[in-house]
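Below, each structure is written out as structure tokens.
Look for subunit A in each of the two complexes below; its partner is subunit B in the first and subunit C in the second.
And then the complex of A and B:
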């Protein structure tokens, strides 16, 4: 079992085996390490790749952020921040695979992005956009599993069906790791900041998040809400237990939860519209 | 009344609320309630970046025809592993309440 886990880790840390990353990212990475580089400079580099820019703008205009009229990369950099734009650029090819191969997971991710944004705003937390981004990316490990180990993935699905367990339980049984840990490895290999990688890696175990527990707690609760709502399809249909540590660290109460659910259910209609738009006109309309 | 994604709006549906522009929700409505939607009108709303509209009745059913009872059963199934947890069961109650309200007299369809 351990062998499988290590093998998987090797594949993930070796970014060459992952969906191709545009060279633009390397330039962006070196620029963002340099304090003197301006947002305009970075925006110029991203804008030079038109396909990438279009994909970033599409995500920046998704209901997960709630801006809707982000029309240029430099706007996106200012509104969402450099970290967010960088993460969207890095993950854009994986999102594209998600859109094509697993619409259910794509809708689940968008939904969790929206839920996290609502919670973060309701609680007036700082760095809402980062929280939405971590939420949007939280299940990215699942895409990697289906890309890199399709046989194991089929077995994971069988285990969920036969034993009626959560996906992460089935993953641990079959590949000795789970999508959260894999997502964390991926985020690390992309040099994403901890505030993004921790919520991805620990959304099923908030207590393990040491430096960004609040952000991790938001992503965890957002995931629970979307599973409760039944929106999208994340691999299993079971609502995870709300972790007490997340509830406490966010100082949630019944009233806040009820208000967020109400607002979320209203917003999910827009998320559905966004997803239908992306799938194009061939989708049946009933 | 039901809020539906604009992509699922069809000619013949009747608006149940005024439609506002996304970027000025407090501004002048761009289309009044009781208007019957047409293909051209839906295209114009789409051009104006409208994402969702409220329509009369409950014309759009996701995952087939679901009555309130079916939806509550689905909800119970989703929560079956966590009903005994005090925090998560609060969430169950909130969702059950939400479903009853949104599917209730205000446009929902009763079980036959």
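And then the complex of A and C:
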């Protein structure tokens, strides 16, 4: 069984880039035609996409630059500069473009990012942007599974359907690891800071998060809320329970949660429109 | 053992690229190839090589474009680039438009290529005036840039970090260096994104940038905003919330030390009382003293007319 894990680990060590949605690239492309495209505008688009965000954070944290703890997209963009980010984003358009059927996971990731931001702000937690970035990236492991182990992925889907289990359980059975652990490996091998890699690795098991448990708890709850809302498609058809330790560490109560859910519903309409704008046919293709 | 020198080969001719790669590897270089120009910039940015070999024979305009872009970011301007040019084209090639370090004729004479690689790598070490930490141009280039600026409608802006020494003492050199690298990137990008200018690193926590007078204030404000935002990453939650940490001041007394901030002294070059290089630094030093008298990041402009 260890073989599969080691094989996957090796694949991750060799992974330098991942595919992203053509709509995102097109949108960035149309921005970069316009010289006034500011850091904020680009940051908004980049931070809607888990793969681009991960690539840009990887570059900002790479040893050749000598920064060791860049954990937000806006800081990464300030340090790298608009030109470098543009070139990096556009250079991905040629080789790797994600398939249309990945839109569900893309929307799920974006939704969890938005939900985590709402929760973090409602609870007045420090480092809200770091929390939303971790939430955006939490399922990056699924991108790797679907890209690098497509046969296993089909089997995982069958297992989920036949045995009616959660995705991470099916993954454990088929590849002896799960997307959270894989995402954690990737974050580590891309030198992303702990405050991002821990929530990614432990969003299904908050108790294992030792140094950044609050951030992990927010990502976990945001994931559950988005699954419950039916927004996007994470690959799971069942809504997991909120883990007690997450509830306790954030000192949540029913009233706060109800307020968050209400606010989230409004927000998701906006997010859906943004997603449609990116996927839609009216996006310029050149 | 030291790391092998990493060379990227870019050519439209996959056979040539493959052959070059083999020959380079046999000499102990770590070589990667790219056929075509798409994605070259992205690849160089995400994994900068030590030297580039660029085949200019099939699309000189596109290649020149990429080389110019790469050169325009000081962080990558120190990578030596050797161009491959067909012998018959070399008379008509626009050498001045293409910022290459060296060239070699096609078909390649490999023993000559290996000599030129060694020469390029040693030359870059010898003449490179840039600061090794920030990779920004150093004092020779700064002096030249300031002398060029005297009398023109530009501003020479001196930047330094407030309370940098106690930070370095308490958090250590590696964190201090990271702060310097951050400030250099923030400054370089702010100057470039505003429309271009000169950025240099005097040494330690002293930096300089030069740009048209009318853009100076906006760029100072951008640098201050971004620095104040990013520098928070260098402190833990508790220190951030408190706004200071405990350390020892220059007199050796224990005291509360505020978080890092920047001071910028802006010297407009049109003013008649500035006639030479030394005067610029002198005026800037006075301005920075003024800027440092207040708490937090600030810029101060020299308004004296005569």
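Assorted remarks:
As a working rule, the second predicted complex is superposed on the first by the 194 of 286 C-alpha atoms of A that agree within 3 Å, B and C clash if a C-alpha of one lies under 4 Å from a C-alpha of the other, contacts with A are read in each partner's own complex, and residues count from 1 in each chain.
Just so we're on the same page, a contact is a pair of C-beta atoms (placed from the backbone, for glycine too) under 8 Å apart; a residue touches a chain by one contact, two chains touch by 3 or more.
Note that the structure is a prediction, hence the values are computed from the model and not measured.
Of the two partner chains placed by the overlay, only subunit B lies in contact with A:227; subunit C stays clear of it. In the superposition on chain A, contact is made by A:84 with subunit C only, not with subunit B.
Contact with subunit B, but none with subunit C, is seen for A:247 once the two complexes are overlaid on the shared chain. Contacts of A:272 after superposition on the shared chain: subunit B is touched, whereas subunit C is not.
Contact with subunit B, but none with subunit C, is seen for A:258 once the two complexes are overlaid on the shared chain.
Legend: residue contacts after superposition of the two complexes on their common chain; A:239 is shown touching subunit B, with no touch to subunit C. Of the two partner chains placed by the overlay, neither subunit B nor subunit C lies in contact with A:104.
By the touch criterion stated above, A:62 is placed in contact with subunit C alone, subunit B being left untouched.
Shared contact residues of subunit A with subunit B and subunit C: 68-69.
Every residue of subunit A that touches subunit C in the complex is listed here, in rising order: 16-17, 39, 55, 58-59, 62, 64-71, 74-75, 78-84, 87-88, 90-92, 94-95, 126-127.
Subunit C makes touch with subunit A in their complex at residues 38-43, 45-48, 69, 72-73, 75, 177-178, 181-182, 185-186, 188-189, 192-193, 226, 229-230, 233, 237, 240-241. Partner subunit B is touched in their complex by these residues of subunit A: 63, 68-69, 166, 224-225, 227-230, 237-242, 244, 247, 254, 257-258, 261-262, 265-266, 269-270, 272-274, 276-277, 285-286.
By the touch criterion stated above, subunit B contacts subunit A in their complex at residues 3-8, 10, 22-23, 49, 51-52, 60-61, 74-75, 77-82, 85, 87-88, 90-92, 94-95, 97-98, 102.
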